[in-house]
Amino acid sequence: MNSIFLLLNILPILFLYQFGGDLHVSFSLTKDFTLSLIQTPLGTFFAYLSLISFLLVTVSQKSKKLSCNYYALQLLLSFAMLIIVLAGDFITFFIGWEIMTWSSYFIISKSNNIDIKSLQKYILFSLASAFSLIAAIVISYSFANSFDFATISASFKSMPFDIQLTLIILFSLSFFTKAGVIGLHYWVVDTYSKAPDLFSSILSAVMSKMGIYGLFLIYGNIVGYQELKIMFGTILNGTDFGYTLAWIGVATSIIATFKAITQDEVKRLLAYSSIAQLGYIIAVIGFGTTYGVAGALYHTLIHTIIKLLLFINVAAIIAQTGKNRFSELGGLIYRTPVSFVMLLIGIIGLAGMPPLGGFASKFMMYNAAINTKFALILIGMLFSGAASFLYCYKLVYGIYLGHPTSKGLETQKEVPLSYLIPQIILALLLVLTGAFPGAFVKVINPILTQFSLKALPYDGVGIMDSAVGNFNGLFIMSAFVAFFVLILLLISRIKSKAKNNINRFDISYCGEVPSKDTSLHYGFGFGTELHRIKFVNAILKRSTATFYDALALQTKRSSELLSRMYYGNIHNTMIIILLFFSALFFIGVNS
Amino acid sequence: MIFQIILLIMLAYVVGFIYFGLYRNILARIQGRYGPTIYQSFYDSIKLFSKKNTVNYGWMFYLGPIIMATGAVLTLILVPVFSDSDFLRSATSQGNLFVLLYLMVLGPLGNALAVGTGGNPFGVMGVVRGLTRLIGLELPFYIAVVGLIIAANSSDIVHIIDMQKTGGLNIINHPLLFIAAMISMVGFFGESPFDIPGAPQEVYSGPRTEFSGKFLALLMSQGSLFAFAKLVLIIDLFLGGADSLWMLVLKTLAIFVTIIFIGVVYGRYKVEQAVDFLMKIPTLIALLGLARVIWFG
Amino acid sequence: MESGFHGSDLDSSLKCKLEESGMANTHAIMEKAVNWFRSRSIFVVAYGTGCGAIEMPPTFTSRYDAERMGVVGVATPRQADLIILSGYLAYKTLRRVIRTYEQMQRPKYVITLGSCPINGGMYWDSYNTIKKLDDYIPVDVYVTGCMPRPESVIEGFVLLQERIKNGEKAGWQKYDENLKFYKDNQKRVLGGHIDPSYETDWYNLENGGVA
Amino acid sequence: MIDLSSKLEKLSLELVEKNAHLYKVTVKLENLESILLSFLNEFGYITLDSINCRDDLEEGLFTITYCLQTEKRDHVVMVQTSIDRENATLPSMHTLWPQAEIMEREMHEMFGVDFPTHPSLIDFALEYWEHMPPMRRDFDTLEFVNSMNPFRDQRGDNLDVKVEMKKRREEKKAAKLKAEQEAAAKLAAQEQQNPDSEAQNNE
Amino acid sequence: MSDLKNTIKIFHGPQHPGITGNMSVELDLLGETIKRAQTHVGYLHRGFEKLVERRTVVQAFTIVCRICVPEPDPNEENFARAVENLTGLEISEKAKYIRTMILEMQRLATQFLWMGGQAGSIGLGLIPQWSVCDRDYMLDLFEELTGGRVYHMYAFPGGVRRDIPDGFLDKLSDLMNYYEKRITVYNNTFFDNTIFKSRAIGVGVVNADEALKNGYVGQTLRACGIKRDVRRDMPYLKYDQLEFDIPTRTEGDVYARALVRRDEMLQSIRILRQIIKQMPKDGEILQKIPKHRKFKLPADDTYVQTESARGAMSYYMAGDGSEKIRRMQVRGPSLVHAYTLLEKLLVDSQLADVAMTMNSLGICPPEIER
């Protein structure tokens, strides 16, 4: 089963590789409505991203016994995403969007530990996103008389300002919901954590990127970065619009980072981390400068790699141990060493540490902020990065380091190879992007040209170049490896007997001896200290859940009010309805 | 190039150890005692390297201190030592200030993995304290560095040094940023009131609890290298670098002694108090400095 | 018996190499140098086991300043070279002291203060203190007195430094060589509730004793 | 104090004045709890300073003393009672005074007094103690020490002083005797050597 | 136990730099917040009460000072006074003055050592270096007076062992002047230190009602506004003829206890100055007491209290008509503080506060378990 669908997953990649480039297909439904697929550099980038992700996830699904339905739905999802990124008009785009929503909804509902509430959350927010999208589409159609991207883009300049603004806000809301901007992230965490373990990687790595693609489509293609600058004016060296968006992104990133640290469930931590990382992308996506767009694209790539790697890793551990909390895991390092190394590479990337690819993308985004002189944005991003070290460490400590919290973990075996192969590929990718940050410039440059922005300078495959400083990824990587090996050799020459595999209870414990019943794993307590810091506590104690719960309550009450009509006095109801319609009628006549 | 790198590492090693010897001496004099010889840190290091056995909890525990040392060496070679000559700064052009900011954390994070492997709850508590403190500690430092980067419109340290040759020293141009960065530096040097991660009265010995023998020696050695790198970074950013060895020693020593004097008269904050403090006063100072850079500078 | 612990100071491969190149006496010189460094840097684990702990603060602070001789305190036994057993040891403390001693890394030394560890001192008829410490762990230097003054403690340090410098056989070597003797004594006095020794499988001492 | 003694007379108890700050009441075990309660609630003795236990081996009793103080803390009243040494049992006072918990825990360990209502009769100072409670006077600490610890040979502290003194005296005596004998022998030898001289002297 | 579900267990002691002496506190932590604390003692148990039973009065006298190591003199005083109470010995005026003097000297020395510990517990390494050295000057005087630095064996039943050396009072007077100057320095560096204030204020708050009822003593009691001092309430030796105040605070937290201790140091200096002035030139220092074997205690019991530097220390002593002591029980100030109070104060406080709280309660392990 798995291998069939593996093949089916490879096919579109081969297809895109073979026939890609200037794909342009259109079907006429009626005279006015045409469904068209146009391949743009941006679309191609996202298409490859999603297709390869699906392929890798399918590889890792080998050891799970999944039904044919499941694979079919996943394939449908993959197809939907392909439609989205290749769409040439809004109808096609919307069709893809809906297929994506529904197919993913069915996959999520297949999970073992999903509850009805989170499922409802997911579908409600997806629908809200779709409604907002369709409203925007309808408004733009009423002005441009077309669903075609190019036509709408051309007529956008002639629309009145309030319509322009409404359109941008509606589109943005729709895509923000998908990406999980703070405030609209209510569904993200529950869904990510309760979806099937491997499917969470798709949700985080690919589906959230569709939101990013949508934002690129609107800001870059439909509106155009030049137009944004004219529309909103400038602040410092950037646009007002970019600045506002950047604050949204940075706030998302900081809040989600602190939320992530205090989670006890592994996948919830990853979900919040995903929100935080997308916050970075949103922060720079509106800058409208070369580095802003390049940084956003680069981070999209890196984040996809990292989140696939981490979610597959965690899924493997959960499948193997049956435990999904930091307070229940721990001490797996010498039982599952390969998984540990993979996770380690993943978190080094996630933290944005220099030898790996995570740094290159962050550097690009920081450059963007310096260019525009958005100092506070830059500080916010750096600050969120510094705080993210905590959850990165919690991730690796809670699962692999420390002490095992239960007996099963002491005899755990390494995870199956099918989980490891995609991880190894992704880790290699991460290392390569770290060593050759310049290689990606060639991928980005066509997209920059598409947005009519200046191309990035290219100084060589190892160098990431920018106006405000450059770094040589290859040098840093090789110097790191060289020094590491050198110091390792020097230290291992010193024959101070370092006895291996010392008993894990032989720790300095104030003269006492811990026993097997002594709880020594810091997994749960980790991060609870943050509540005592006033600033962080202010973030942590607030939750969007309270807002949405209140909203739900009010909705319920108003619907209760409405429902009285059905069992109330029929005459009164009729009178109310009559009054309502006559009021409408008079308003209509007067206007 | 390789020769220069080796020379630089040796210089930093010697200077770092002598500084720590000096540190212990100055501390002793303030406390009203004679103090150890100036080479005491060197003796300690040799003694620890020659310990006959060393506790080891497996390969990750072994590699942790090595990652930390690698991070320190990498930081060191990316910092330009002299302002005028290209001597000892062959690798500087390969990185920039952002690389340094992250490399400064890479080592401790690598070591944190080893601490976690050791499984000592005190060690992990120390690491968590360290990382939590980092949230507060980085904020003023980042603001100061970002201010300088925006003022120079470059994240290249050599460029920042060159700017100061013509435009005056940054300590005079941006005194607020300097103050904020120095407060952070007190913490980066593990001085009171920010010496929270390894507080012996609270968490035993913090991250170093389980390290012994050669690992501890390696940690101490990298500490001195790293301290030198941090000092040079500060003088590069704010004091226009050093044009000769004497100036280098003079300027770094001035910074170092300032940090010691701040550290000696204060007790230790609790971690939340430290972060609260760092997020208020130094951050405010730094933000004022930053506003000056953006709108007037 | 495990014999790896009481070998030469430098590792055997280096020794072989030195001998090959005809520099055998370099080895002796280096060993001497290493011993000198060891004598100049002594880390003391922070463990006040008895009354003598009251004279530790004066010894380590500004009036007597042990740091000028390279003697400083550290928090954990892992980093320490020396444990100062300051006075009588209750059985409950002895258990922790043995644990702490075994966690220290070789070379390691023991200094005791007062007369109680030698022969029970004032508490010779107390039911809860041990009377002869060197039955349980090896002692390098006894500093007598009740309490020994800081000057005598420093004299004890100097004596220990001399012994390290001269490369004399230290207590930890005796402990490794006569493990069975010490473990039997410990078991006799602490009963069946002896803490596990993670370095030594002392239930199988006949079979080598290494866990 | 007259106040307290008159109050106590109603309970038919006698207050003994030991000195200006110390008074003593002896009560029976069955009244103990109610009297302590009235001390706490009625007489204003809100502080329990300590609980002491004395082993009167000869009478076969434990004498328990509760030392109470008022809010002013200007005098101490010792409330004393006796319990049987064998199967010694006392009511726990931790509900009246929280600090009694630890004091009773210590008493349990050191004397083997049982407190049926005590919440935590765990180890206090000793660890894995398997012998007789050590503070009982029939626990011979010297014998215990000798059975557990070999003394260093050079030290004579584990020897009985009386025996040693006797031995020494005898040694001295013996030495003196020997010296006398030697002197006598010497004298005899001299006499033997110079019988002539003696003879001469005699002459 | 349900709230201990996700906690970790650590030990704070016995081999730990943050513990006062050789004891340990077992902590269950959630994060760094303490959910349960349990004190363990017994690492220093010597069975003093048993040892004393096997000894005559004169023999026992030499070991009682070892019951509390940082402050032996209140033990000697208690022992001597208990024996005097039982046998009806009256000591001379001069002996009373000398004993009062040595008690106050000991109080000062202990407070200096405490100051080092308290400052060390918050990582202020400078203060221990200074204050331990300052304490050492007092130890020099002890040595001159009694022959011992730490253990003095001075206050013998019936008086004191030897007379004051020539010129001793002048030296003491000089030292008082020096200490007064030093306390101003400590005021600036330690008691007014912003970080000490920010950490100590509001931490380890003791409730006043509870303090009275649970038998807390010393500064713990006085820092929550209750003016109780054995020297004033049940005066012994010459305290009823000396002028001194009892400093109190109302906050009841660690900082209040620190300030009370500082004020007490000043009061001790004041008392010592009065003693220096009033010290009688001549007088018997030791009453005639029976010989070693004939020193018999009547079959009676007594209870004495002395204000040590950390609170009231009580001895219960009973004789049985022989030369040996039937029973001597020590109730030091630390017992209730280390168990009832500490275990309660630590719950829901932070790991970082443990050493500081413990120090401020003046816990001394050897007198808990004797």
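As written, the chains take the letters A, B, C, D and E, and residue 1 is the first residue of each chain.
Rule of thumb we're sticking to: contacts are C-beta pairs under 8 Å (C-beta built on N, C-alpha and C of every residue); 3 or more make two chains touch, one makes a residue touch a chain.
Predicted model, so just to flag it, every value in this text is computed and none were measured.
Student: Identify the chains adjacent to both subunit D and subunit E in the sense defined at the top.
Tutor: C
Student: Name the most central chain, where centre means the mean of Cα atoms.
Tutor: B
Student: Across all chain pairs, which one has the most C-beta contacts?
Tutor: The largest set of C-beta contacts joins the chains A-B.
Student: If I average the CA coordinates per chain, which chain comes out farthest from subunit D?
Tutor: Result for max centroid distance from subunit D is chain A.
Student: Report the inter-chain centroid distance for subunit A and subunit B in whole angstrom, where each centroid is the mean of the CA atoms.
Tutor: The computed centroid separation for subunit A versus subunit B comes out at 34 Å.
Student: Report, in whole Å, the distance between the mean C-alpha point of subunit B and the mean C-alpha point of subunit D.
Tutor: So the centroids are 62 Å from each other.
Student: Go ahead and note the Å separation of the Cα centroids belonging to subunit A and subunit D.
Tutor: That gives a centre separation of 76 Å.
Student: Listing for subunit B: what residues touch at least two other chains?
Tutor: In subunit B, the residues touching two or more other chains are 31-33, 50-55, 121-122, 125, 129, 200, 204-205, 209-210, 213, 271.
Student: Mark out which residues of subunit A touch at least two other chains, giving numbers and ranges.
Tutor: 494, 497, 502, 506, 508-512, 520, 522, 526-527, 529, 532, in rising order.
Student: I need the residues of subunit E touching at least two other chains; which ones are they?
Tutor: In subunit E, 8, 10, 14-17, 32, 42, 45, 47, 50-51, 54, 129-130, 133, 350 touch at least two other chains.
Student: Pairwise, which chains touch?
Tutor: Every pair of chains in contact is listed here: A-B, A-C, A-E, B-C, B-E, C-D, C-E, D-E.
Student: What does subunit D use to touch subunit E in their complex?
Tutor: My answer: residues 18-19, 21-22, 46-50, 52-56, 63, 65, 67, 69, 71-76, 78, 97-99, 101-103, 110, 123-127, 134-135, 137, 139, 141-142.
Student: Can you tell me which positions in subunit A touch subunit B when the two form their complex?
Tutor: Touch list, subunit A to subunit B: 236, 331, 333-334, 340, 344, 351-354, 359, 362-363, 366-367, 370, 373, 375-376, 378-379, 382-383, 386-387, 389-390, 392-393, 396-397, 400-403, 468-472, 475-476, 479-480, 483-484, 487-488, 491, 494, 496-502, 504, 506-510, 520, 522, 526-527, 529-530, 532-536.
Student: Provide the residue numbers of subunit D that touch subunit C in the complex, in ascending order.
Tutor: Listed in rising order, the residues of subunit D that touch subunit C are 125-128, 130, 134, 139, 141-142, 144-145, 148-152, 154-155, 157-158.
Student: Which residues of subunit C touch subunit D in the complex?
Tutor: 91-92, 95, 118-120, 124-128, 130-132, 135, 188-189, 191, 193
Student: Tell me, which parts of subunit B touch subunit C in their complex?
Tutor: 24, 28, 31-37, 40, 43-44, 46-47, 50-55, 200, 204-205, 208-213, 216
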